[in-house]
Every structure is written in structure tokens, then in C-alpha cells.
Amino acid sequence: MQLKHVLEAQQFDKKMLKELFTLSDLMKKILEKGGSTLLKEKILASLFYVPSFRTQFSFESAMMRLGGEVLSTDKAESFSSELKGGSLEETIRTMGYYSDVIVLRHYESGSAKRAAKVSSVPIINGGDGAAQHPTQALLDLYTIERELGGVDGVVIAFMGDLSNSRSIRSLCYFLAKYSGIKIYLVAPPTLNMREDIIQYLKRHRITLYESYGLEPALEDLAKKVDVFYVTQTPVGSFGDRVDDYERSKKNFIIDKKVLKSMKRNSIIMHPLPRQDEISQEVDRDLRAVYYKQIHYGICIRMAILCAVLGKTP
Amino acid sequence: MQLKHVLEAQQFDKKMLKELFTLSDLMKKILEKGGSTLLKEKILASLFYVPSFRTQFSFESAMMRLGGEVLSTDKAESFSSELKGGSLEETIRTMGYYSDVIVLRHYESGSAKRAAKVSSVPIINGGDGAAQHPTQALLDLYTIERELGGVDGVVIAFMGDLSNSRSIRSLCYFLAKYSGIKIYLVAPPTLNMREDIIQYLKRHRITLYESYGLEPALEDLAKKVDVFYVTQTPVGSFGDRVDDYERSKKNFIIDKKVLKSMKRNSIIMHPLPRQDEISQEVDRDLRAVYYKQIHYGICIRMAILCAVLGKTP
Amino acid sequence: MQLKHVLEAQQFDKKMLKELFTLSDLMKKILEKGGSTLLKEKILASLFYVPSFRTQFSFESAMMRLGGEVLSTDKAESFSSELKGGSLEETIRTMGYYSDVIVLRHYESGSAKRAAKVSSVPIINGGDGAAQHPTQALLDLYTIERELGGVDGVVIAFMGDLSNSRSIRSLCYFLAKYSGIKIYLVAPPTLNMREDIIQYLKRHRITLYESYGLEPALEDLAKKVDVFYVTQTPVGSFGDRVDDYERSKKNFIIDKKVLKSMKRNSIIMHPLPRQDEISQEVDRDLRAVYYKQIHYGICIRMAILCAVLGKTP
């Protein structure tokens, strides 16, 4: 398997996803043996214009487990400051001399594509603005696939700030490739999924249900879903209407009561960090797989690094 | 030698200390040969909620000298910001997937223990609030042991801000294990050693003398001690009474005059960085061992990393 | 080839420069093969009191390509804060225990020499105040040598903020060693080259021409030069007179028109980052070598690391 860049969910077809997941399974075995020297002499540049410790450390750990080296900054922003000049393009072209692959987190939608246009080395999109976060979505999809045994026919509820979650945006692009998917959107009205994604899902014949997360509804919903995908509802997104926030937040909590209604073979996912959208009492339930996602994330990222560097075992 | 976590001085008994120091001697030899590959494929996560360049680089250098890799941040604080949510516990559980051992520096007393409770990998306390700094105290004890040939019967003067020095707190817990120890406490009244440690030392039959560092007293003291352990007296701790600070500071300076009164086989220690509590003219005296402490620190930390990872040579 | 420290341009004679460039050619070949393990078990400390991503990553990448390890901080400033105490000297002495070589970027002229005085390991000056930036100048000289086939007799125009460019200062010290050099200084009056360098060049019989970059002059100049060395003209340096800045900036732009007048075998250099002193339309011209400088920079820094560590292939 060989990839040039990893920029957005749309670049993957089902065959590629299957290949990537098989490669990730292999990486899981390499991790269990303690690592490999497959990427010896390769350097990953971790170029974070916005800090994101999970994404950054996940990639850096993945690179190290494969014997590679890491050049790292979470202050890339200061390189391209207006004071100093120096565009994203210039930074990317320069980094291409220092490293063999770049993972880029940037605050602007579309920046990963801009970077790929001028880069002499593979670009991995580590999240660009509110646009996409394809490697997070890949690990989410991989989690669903491996925990539920497949993606076709899955019933999934997205819950929280659906408007600003690029992980969920990217994941929707993936889900649209599968058949029989049903999606529940559970969000306060101001934070609902953006219209472009809703239209995209409809065009791909995904069944969509919208709901506003009143508590009895959540317990009813619990009976139907295979996946609860929960994300944060940041205070900031409510502006002055903090009361609205406090009121709505209570309707978006996965707790023991909700857990009771859930199917045995279902899972609760969260990209972390979380506040209190999932009660701590849920953590010990086997259906809570958010830490497993972290583990799957390293496997996926090891596979991606191998694929873009053309070094599969 | 195998350790699970390194959280506080109290967890070590004399037998363990002896074993650890023997292991550190071995590490000294490994350093002289240029390093080892004992910790190949292992990753240390350097998780600093408060920056501390000596502790951080000492551990990171130790890990590299043993062939291991390092994931590093001195901005861990921003991971768990209130804005983003994400507790210390969540961060620790997550880092456990990225690394094989975590060194944690945190601003809250007790945080290392909280971390150890949920961690899947060994936690090394790199300083938690004003509570403890066990690896600094271990290197201090190792310095005394190796420079003076033993710890029993040692006469030691602690000087400076004894109230807020977690290194001295931790060292006191260690000294209490030895016999015949005499301790002089030389601090301005507002910065004296906290009552819990004083009581602890008394319970363990350590002879304690308190003094307020008037200059003639310092020269008298110099004749009696085997160890002058000097620490900073930060300006901030005097609040508005900066005059008091300036006045008292003058009484807490180790200079040539004090040096003259000191025994031949005695040592001056300091955890660094220092301001002017030790005159620069003292640096060239063989009894000034503060840079040796740096060296002993790497040996001790190499030994600790080996011990918690179960990889002793 | 063995060097103790790399502190300033003046320490190199022509024989050493030739040796260093031959070593750099060798490093180029090592890079093409993917790297080497020449500096295995060695640790570079990247000690940046002022961030500089090109210099930092260039050295760190160079070290990794040679199999070495990197301890890195771009916040060294906070180690020596007044609050914490701890002088540059203390920090350097301490880092000498953690690493085998230190690259130091500091805001104060002369800091690299101060560091070298107390250091137990080689110090590489990565830029000190407005004084010098010898490794940048070495890569610039190496670029001229390799792109034009030699340095003697070269006609070079320096353009932009000549007053504050430590790279150009250092490069002038090198050029003074060669014969038949002609230098054009093209800068707004307030940003002209400092008198000490002008006197130094005159003493070494370098032919100097000064000009203020009126546009027609620039096209005339283009016909004469072998090298256009362009640097930023920062807004800040004009204080309140931003109008002056805007007016003068227009006269200091290398664009297609200037390109047309340039000789076939000439080059355009820039230490990057750039603002708009070179139009983007120039980038694709083969005479634009600013990205080649990045590549030469890694080779030079690999050679320097080998030379100070006494490990030449």
C-alpha cells in the first residue's frame, strides 16, 4: 500500500480502507512485540500551528515505535508570524529538506491541501480548521470496524457540538461509503451538523434522524444505536447564553441510566478530551471504548506513516 | 531491582537505597563508555505541567544515554486546560498508550499519587507542588553517600527557603532512616521548615538545631557541618517586606570567609539554579559539589528508569 | 578536521574553509544514502533563547541524519529568568552534563564566547544578538563556492537591512579572506551596513560601492553582479516613518525585470523567511537558490557537528 498524502476522507475508497486496516492490524502486532526498525533513518516533522497533544504524541509515538526520528514543534505559528514574514508554503518547502514526512495541524481550512501543493515530502493532515481531521476519522472507523465486526448497517448517534467537530465531518465522509447506515444527530439547535454534510449524507442515501437530546429521548435512543459517538459541547459556543448551555448540557450526558438501555454489543466513543458529557461511572463498562480508540489511533498512524513513506512490512 | 512507581521518599527503605546506589554506580560506568542500548524501543514521556529544565533534561538525557526515545512537553498544563477539559487522570491514561514510563512535574501536591492510581505505566514524580521531589532527594543522598563515604552520623545544615523546598522535604524523609544525623536549620523566620517535617525528624530521633543565620553564627556553623545544603531564598516569598529580604539575604551567603571555617572533608550542595547565596569565588573549591550533583543526577535517573522498566544490566 | 567551538567567522582561515567544504560534500553523499550512524550515542543540546525554526531544525535534522540524539528547547530564556536566577554560564555548565555539544541562539552579542569560556562541551554559535551567525555565513559561502565554482573575484550585492543582519556581518568576514571581491551595498540610509564592518572590508582591500536602491540602479546593478544576497527589511526598523519604509521597499524588490538584466551564471540568495523582497515569479528561475541554501545548510551543519565531536568519516 502506498499513499502520496493524507489530506481528506474523500481520497479513500473502500478497498484502500480495507488495505489500511489490514496494515494497522499488522502494526498492532509490531506494537505487541515492542516495535520495529522499519522507518529507521526517516524523520517525521510534527508541525503544529495549533497545539493538540493527542494527535501530536500519537504520531510521534507511532514514528518512534517504527524506529524513526521526530522533529517537533507546537509553535509553528510563530515561524510564519507577520512580523517575520514567511508563508505556510515557504515553511513547508523548507521543512521538506529537514524531514521525510510532515504532519500538519493548522487553524485554517484547506491548509493541508495548500501544503501538499508545494511539498516535496508527504503531508498528513492532522486537522485543518473546522474542515477535516482524516486520521482521527480513520481511527474512529477502524474502531467501529474492529469492535463491531463491520461498518455496513451500523446505527450511530452523534452527540454534542456537531457543528464544529471536524472529526465527525471526516467520519461522515467515510460512513457514506457503506450501506445501510443510520445516523442520529443529537445536538443543541445552535450546534447542529452543517448543511453541506447533511446534504452529502442524504445524497449517499444515509438515513438521518435529528433530535435535540431531551432526556427521555436519549434513553430511547440508547436502545437503537450500535455506536454513541460523543463529543464536547464547548461553553464558548453559546456566547452569552450560558444558561442555555447549562440547561442543554444536562440532556447530553451518557450515564448509568443511558448505559442500562444500550444494547450489549454496542460501543461508546469519544475523541477526548472530555468534560462531563460521559459520567466517570461509565468508564469501567466494556462498551466504553474511548481509550481503545487511543490504541487504535497509534496503529492507524503507524500504518499511515508506513504507507506514505512506501515502507510496508 | 524493580520499582513500580517513584512517588515519594517514604517508599524507599535502606536496602532499596543501597541497591539503587549500586545500580547508579553501574550507570556511571555506562556513561563513561558513552551509553548503552538497554532501553532500546522504550519511550519516556516527559510530562511537565510546570517547566523545570534541569529535571526534564536530566531525565531525557538519561533515557537517551540508555538508547531510549523521548516524548516531551513542558506545556502539559495546556492539555488539561479548563477550556478543553481533560483531567490529569485522562491525560495520564492517554499517555500510557504513547509511552512506557512517565515523568510528571505538576503544580499540585499529591498529583503524582493521583497519576499512579490510574496509570498503566510507571509514574516518576518529578516534583509535585511543594510536596516532594524524590529523585532530586535521591541524587542529593547519593551525592552525600559517595562524596563523604556514608550517611550515618552526618552533620548537615539546610539554608535558605526551607518552607518551600520540596527537595529538602524529600531529603529529610531519607535522612530520618539513618543514625546519628544532626541537622541545622538556617532560615529566615518566615521561611522556616514546616512543622510536619520537623515533627517527623524528631520522631525519628534526628537532632535538630534552629538558627537564623546571623553572620558570625554562619562561620561558627561552618566548623561543625559535613554538608552545607543551600537553596534559594526567592524575593517573592517576602511579599512587601523586601527590606527584610535584603537584610536577611546577606546573612545567608556562603563565601570565602565561610569556606575558610569549613572542615576539609565537607561539601557544599545546591540544587541550582542559584542567585547569590553562594559566591562565585566558591565554585573552584573542591568542596563545592553542585555540578557534581548534576552528574550524580543523571546516574540516579538512569538507574531509576532501568528499575521501573525492569531492565537492569 | 577537528574544531573546538564555532563562535565567529574570524576563527576560520581559507584552509579550514576548504576542509570544511570537502567534509560537507561528503555529508551530501551521506544524506543521499539516507543517513549514517557516525554520531550514534552523541547528544546535541539545542539551546534557543530566541526561537529560530530554520537554524534549530537544520541542526536537529543534521544531528538525526548522523544517528545522534537531540535535547531541544526554544524557551531557554525561561531557564535563566530573573525570578529563578541561574546565569547563562550556569545553564551552559549544566547542559554540558546532559549533552555532548550545544548549539546556542541568544539575544546578546558575545554570548557564544561567554558560553565557550565555561563549557565542557563544544559550543556552536547559532546566532548571538546582532553580532554573528557563523553557520549561516558558512552555508552562504558554501553555496557561492559550489554554485559559482569559486569565491575569488565574485561581485556580490547585499540588499535590504544590512545594519541588523548578523548573517551578512559574518559573511563579510569570510569574503575578506578572498581576492578580487567587489561588494555593492544596497540599503535604505537608516539600515546601512555598520561602520566597523565597512572599515574591516576596506582594510582587507575589498572594493565597496554604496547605493540606495533606486529602481533603475537595481536593473543596472543586475548586469554586474554574480550574487544578489537579499535580506528582509523589517517594518519595525523604520519606527514611525512607515511611509519611508513603504517607499523604499519598492526599490528593493527582485522581480522578473531585474531577473532579465542578470547574468546567466549568477545567483539570488536569501536566508529566509522572506516577505516580498523577492517576487514569487522569481522562484522558478534556476538562479534563485534560496531553497538550495537550505539543503547546503544541512550539509554544512552535519560537517560542523562531526568536526566539533571529532568524528569525521
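Order as written gives the chain letters A, B and C; numbering starts at 1 within each chain.
Rule of thumb we're sticking to: contacts are C-beta pairs under 8 Å (C-beta built on N, C-alpha and C of every residue); 3 or more make two chains touch, one makes a residue touch a chain.
Computed from a prediction, not measured in an experiment: that's the story for all the values here.
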How many degrees of rotation carry the C-alpha atoms of chain B onto those of chain C, rounded to the nearest 5? 120
Same residues or different residues: which describes how chain A and chain B meet, taking over half shared numbers as same? different
Could you state the distance in Å from the CA-based centre of chain A to that of chain B? 41
Any chance you could list the residues of chain B touching two or more other chains? 72
Interface with chain B, chain C side, in the complex: residues 41, 43, 45, 69, 71-73, 75-76, 78-80, 83-87, 90-91, 93-95, 97-99
Help me check something: in the complex, which residues belonging to chain A touch chain B? 34-35, 51, 53-54, 57-58, 60-61, 64-65, 72, 74, 232, 234, 236, 272-275, 291, 294-295, 298
